[in-house]
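Same chain, two partners: chain A is paired with chain B first, then with chain C.
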Partner chain A sequence: MLEVKDLAVRIGAPPTELALLERVSFRLEAGRTLGIVGESGSGKSVLALAIMGLLPAGLRASGSVRLQGQELLTLSEKELCRIRGNRIGMIFQEPMTALNPAMSVGDQIAEGLEWHQGLSRRAARARALDLLQRVGIPEAKRRLDDFPHQLSGGQRQRVGIAIALACGPQLLIADEPTTALDVTVQAQILDLLADLVAEMDMGLILISHDLGVIAETADETLVIYAGVPLEFGTSRVLFQKPLHPYTRGLLSSMPGGRGGRRARGVRLPTIAGVVPEPGRRPPGCRFAGRCPYEVAACNAALPDWHRLEGSQPARCIRLKELP
Partner chain B sequence: MSPVPLLSAENLARYHPLPRRHPFAARSFFMAVDGVSFTLQRGDFFGIVGESGCGKSTLARLLMLLEPATAGRVSFEGEDLFSLPARQLRLRRRHFQMVFQDPYGSLDPRLSVGRIVAEPLRLEVNGSSREERKERVAAVLEAVGLQASDARKYPHEFSGGQRQRIAIARALITRPSLIVADEPVSALDVSVQAQVLNLLLDLQEEHGLTHLLISHDLAVVEQVCNRIAVMYLGRFVETGSTEDIFREPAHPYSRLLLEALLGRDLTRRRRHRKTADPSATPSRGCAFRPRCPLAIERCAREAPRLKAIAPGRAAACHVL
Partner chain C sequence: MSALTRYATLFVGGAITFTLLAMALLSRVWTPAPPTQIRISQRLAPPLEAGLLGADHFGRDIASMLMVGAWNSLSIAFVAVLLGMAAGVLLGTLAAAWRGWAEEVVMRLADVTFAFPAVLSAIMIAALIGPGVTTAVIAIGVFNIPVFARIARGAALQVWKRDYILAARSAGKGALLITLHHVLPNIAGLLVVQATIQLALAVLTEAGLSFLGVGVPPPNPSWGRMLSDSQTYLSQAPHLAILPGLAIALAVLGLNMLGDGLRDVMDPKLRRKR
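Right after this comes the complex of A and B.
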């Protein structure tokens, strides 16, 4: 349904050009959830913006993004407007800033329906009510005329989801949808998303820095580090048996992460150093300089995908020699 | 006979008046912190967990005397801090220091790291010489894993994790016995969180520091704290050793929180969790009642008080 091939996002003119994101390829089928996980600055939000054609001025995307066979990267802004909010729905991190504070939630949901599907105001409002009920807002009828500030954070995110779903999109992109929410509310929103994906047969791209959120919601997971995907696999396998040294380090440095819960006071394993900025990324493997298994060859070129017998692929030349 | 606790809070409260509904209506109040009591012994690593809006940050600010309390007492080494004259209090402040959540907002971008870290030294009685200050800045920067030469740099030259180390160095320079850290790692990336948590543990062991850690992240709290309090809408609903509470949470709210965490088994797929949205809070009775699966009729009438349920453990629930 969605096919991304060799997507890259660059900034600046060729001599001093910087790649924020490169070599991103994946496929997503309807009814499936792809998790994209990475630390801040890894390029995961840029990836979402590139797919939707919302890159800020000065950033250029290359490669290919196909939605049901239709290439999106070459479309004009006018054509993209017909796709965004219609065939691609978006959910943002901060529901308070993503919603219009001066418009009732009912009107915000109805807006897309009137615009894209030419529904009358009345029909659109009726549909908005259905959607509010579907996303689990109590007393939806009364809430229709409420403004965003009258809702709790979790309810606002539910409204955000209702807006994204309004036109029955084929693809839903959720960028950190639960990061601003409390744990108990997070769980509800993730449950809701999972139900909707199955029910409406959408593809969902779920972007998060939170490994827990990705592990429990995504069918497949793409791990991005410093602008390059380093590992890709089904979530169950990837979180149980991570291969790339970065994924391993990340999972074991998490309290309660890999290796289960540790005794109190035991020091957590750490990854040395910090995530390099785009201008300071190493030329070869992007994880070089922080990797405990680094050898000279790692700095020669960006590693290709390697895999062990029957395993998920990882971009590491030493995969077979790792302990 | 137990020794004098390092810090104790008695019935600490902070109310904010709400706007009147009409000119003759009675004043109503928002109870950010509503009658919290606890003690900290030397060497404790005490965690306070709760969701946003439960009052945990307000509680930290009350303990640090950054905000006036509406009622209650805070004693530090047996001395009532609220009754101290301002001058005396200022001198006491070097014994308890705070680390804030946002390492970008809590460091003045116009000051060099050396000046930022040396700033609390102004709280000391006999001013130290320039040379002495320089030495102490260097020592404390090294203690948190930075270099003495970093003192000449400015905050923007550092990453988030390093900035949080600077903030910790600033808190340590007066050689305090208590550090209150309000969400010290939640603004940091996962791979950096572990570094900062390990640093806090090292400081506790090497310098015998006492920590109060405020966090919404149960996994973090479980990793470093020996005792915890679970807070809900301004009150402690359960206190006890981390081990006990994680093994067998007593209060229904603690159970709910833990379920949300343990659902996070990275190797298992999600299962459905039934939780209610925290909506209207009742003005009478138990604040958790609308979300509580165990609520009985009594919960609507009177608010439960924190009472002992086992040695070293207490919970505020009528049903237990």
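Right after this comes the complex of A and C.
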């Protein structure tokens, strides 16, 4: 349904051009969830904006993004407007700032329906009420005329989901949808998203820095580091048997993560160093310099996908030699 | 702090403005005496000797003239600011929505317009179409366009940076729809406050224009012309100058206080800083 091929996002003019994101390719089928995991600055949000065609001025996307066969990157702004919110919905990190404070939540949900589907005000309002009920807002009828500040954080995020779902999109992009929420509310929102994906047969791209969130919700996981995907596989396998040294490092630095509970008083392992900024990224493997298994050949060129017998692919030339 | 002291500016400004507005509206149906009736016997009569506030050099009742003058002054100011605000907000928000060369053109035009004081452009317009109410409205209105264009653009640019605009764009809305549904409601408070303050300025400018003879034509009374007529009689009948001067000062003070008060109510952040 969604096919991303060799997507790259660059900034600046050719001599001093910088790639914020490169060599991103994946497929997503309807009813499935793709988790995209990476640290801050790895290019996760840029990826989401590139798919939506909402990159800030100065950033250029190249490659190919096809939604049901239709190429999105070459569409005009006008054509994109017809797709955004209609065939692709987006959920944002901060439910407080992603809602218009001067507009009732009912109107904000109804707006897209009137705009994209030409519904009458009444019909859109009725549909907004259905949506509010579907995303689990209690006393939805009364809430319809509430303003965002009258809702709790979790309820606001539910409203954000209702807005994204309003037109029945084929693809839903959720950029850190639970990061600003309490842990208990987080779980509820993730459950809701999982239900909706199954029920409405959408594809969901779930972007998060939280490995727990991804492991729980995503069917497949793409690990991005410094603008390049390093490992891609079904979540169950990837989280049990991570191959790339970066993914391994990430998982072992999770409290209570891989290897079960750790004894009290034992320090969590960390990955030495920091994520390099764009422009200071190593020429070869982006993880070189922080990788415990680095050899000279790692810096020669960006590694291609390698895989062990029957395993998921990982961008590491030493995959077979790793302990 | 009680509500009364916290909102003192708002209440006092509101009370003054409301009183003047009531006088202006009342003048449409009733005045103590016909404001244009000449009674030479009462010429230059001091307050309370003829009518409540005395009579001018033609023996016209000053209280009545001030009431009608309030109507003229406030209605011209109101219409002019409204027109200037409509045009200015339209240009400013579009500049913020489109950015690029459109923004440059709008803002540089605003700079050029801003360089001409309202009084100067009024005299130019009066030279073209003759003095009168229309001239005053156009001159004051045009003067208000760049003021509102700048404020609307600045505020709109800030709103455009918010997440909910990105959310609106991700919902497929174009720049015009976003401006209408998301930007305008979020800058409306600021614009209302600015409009109140611009009203004060417009009242003052209108008085200046009538003083120079390019505003409301005689015999229709106006504060500015009452002031200008009073100059000759300053030593004989100072109330001829003091009373319209007081009316102008009160109107400007009232509207300014109302604007300040509204700003304090609408912008809690600003209030805390004080």
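Following the convention adopted for this analysis, the second predicted complex is superposed on the first by the 323 of 323 C-alpha atoms of A that agree within 3 Å, B and C clash if a C-alpha of one lies under 4 Å from a C-alpha of the other, contacts with A are read in each partner's own complex, and residues count from 1 in each chain.
Convention: a residue touches a chain if its C-beta (ideal position, glycine included) is under 8 Å from a C-beta of that chain, and two chains touch if they have at least 3 such contacts.
Quick caveat, the model's predicted, so the values are computed rather than measured.
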- Query: Is this a clash or a fit when chain B and chain C both end up on chain A?
  - Reply: fit
- Looking at the overlay, what does A:82 touch: chain B (first), chain C (second), both, or neither? second
- For A:115, select first, second, both or neither according to whether it touches chain B, chain C, the two together, or no partner. second
- Task: Give one of first, second, both or neither to describe whether A:267 is in contact with chain B, with chain C, with both, or with none.
- Result: first
- Based on the superposed arrangement, let me know which partner A:186 touches: chain B (first), chain C (second), both, or neither? first
- Query: So, A:239: does it touch chain B (first), chain C (second), both, or neither?
  - Reply: first
- Message: According to the stated criteria, A:101 is in contact with first (chain B), second (chain C), both, or neither; which is it?
- Response: second
- Winner on chain A touched-residue count between chain B and chain C: chain B
- Rounded to a multiple of 10, tell me what angle the C-alpha centres of chain B and chain C make at the one for chain A, in degrees. 80
- Could you tell me if A:146 is touching chain B, chain C, both of them or neither one (first, second, both, neither)? neither
- Min C-alpha distance, chain B to chain C, superposed, in Å, is 10
- chain A residues touched by both chain B and chain C? none
- Along chain C, where are the residues that touch chain A in the complex? 162-164, 166-174, 177, 181-182, 185-186, 188
- Task: Flag every residue of chain B that touches chain A in the complex, lowest number first.
- Result: 45, 51-52, 159, 161-162, 189-195, 197-198, 201, 216-220, 222-226, 242-243, 256-257, 260-261, 263-270, 272-273, 275, 277-279
- Listed in rising order, the residues of chain A that touch chain C in the complex are 52, 54, 77-78, 80-86, 88-90, 92, 94, 97-103, 111-112, 115-116, 160, 163-164, 166
- Query: For chain A, which residues are in contact with chain B within the complex?
  - Reply: 39-40, 138, 152, 154-155, 182-188, 190-191, 194, 209, 211-212, 215-217, 235-236, 239-240, 249-251, 253-258, 261-262, 264-271, 274-275
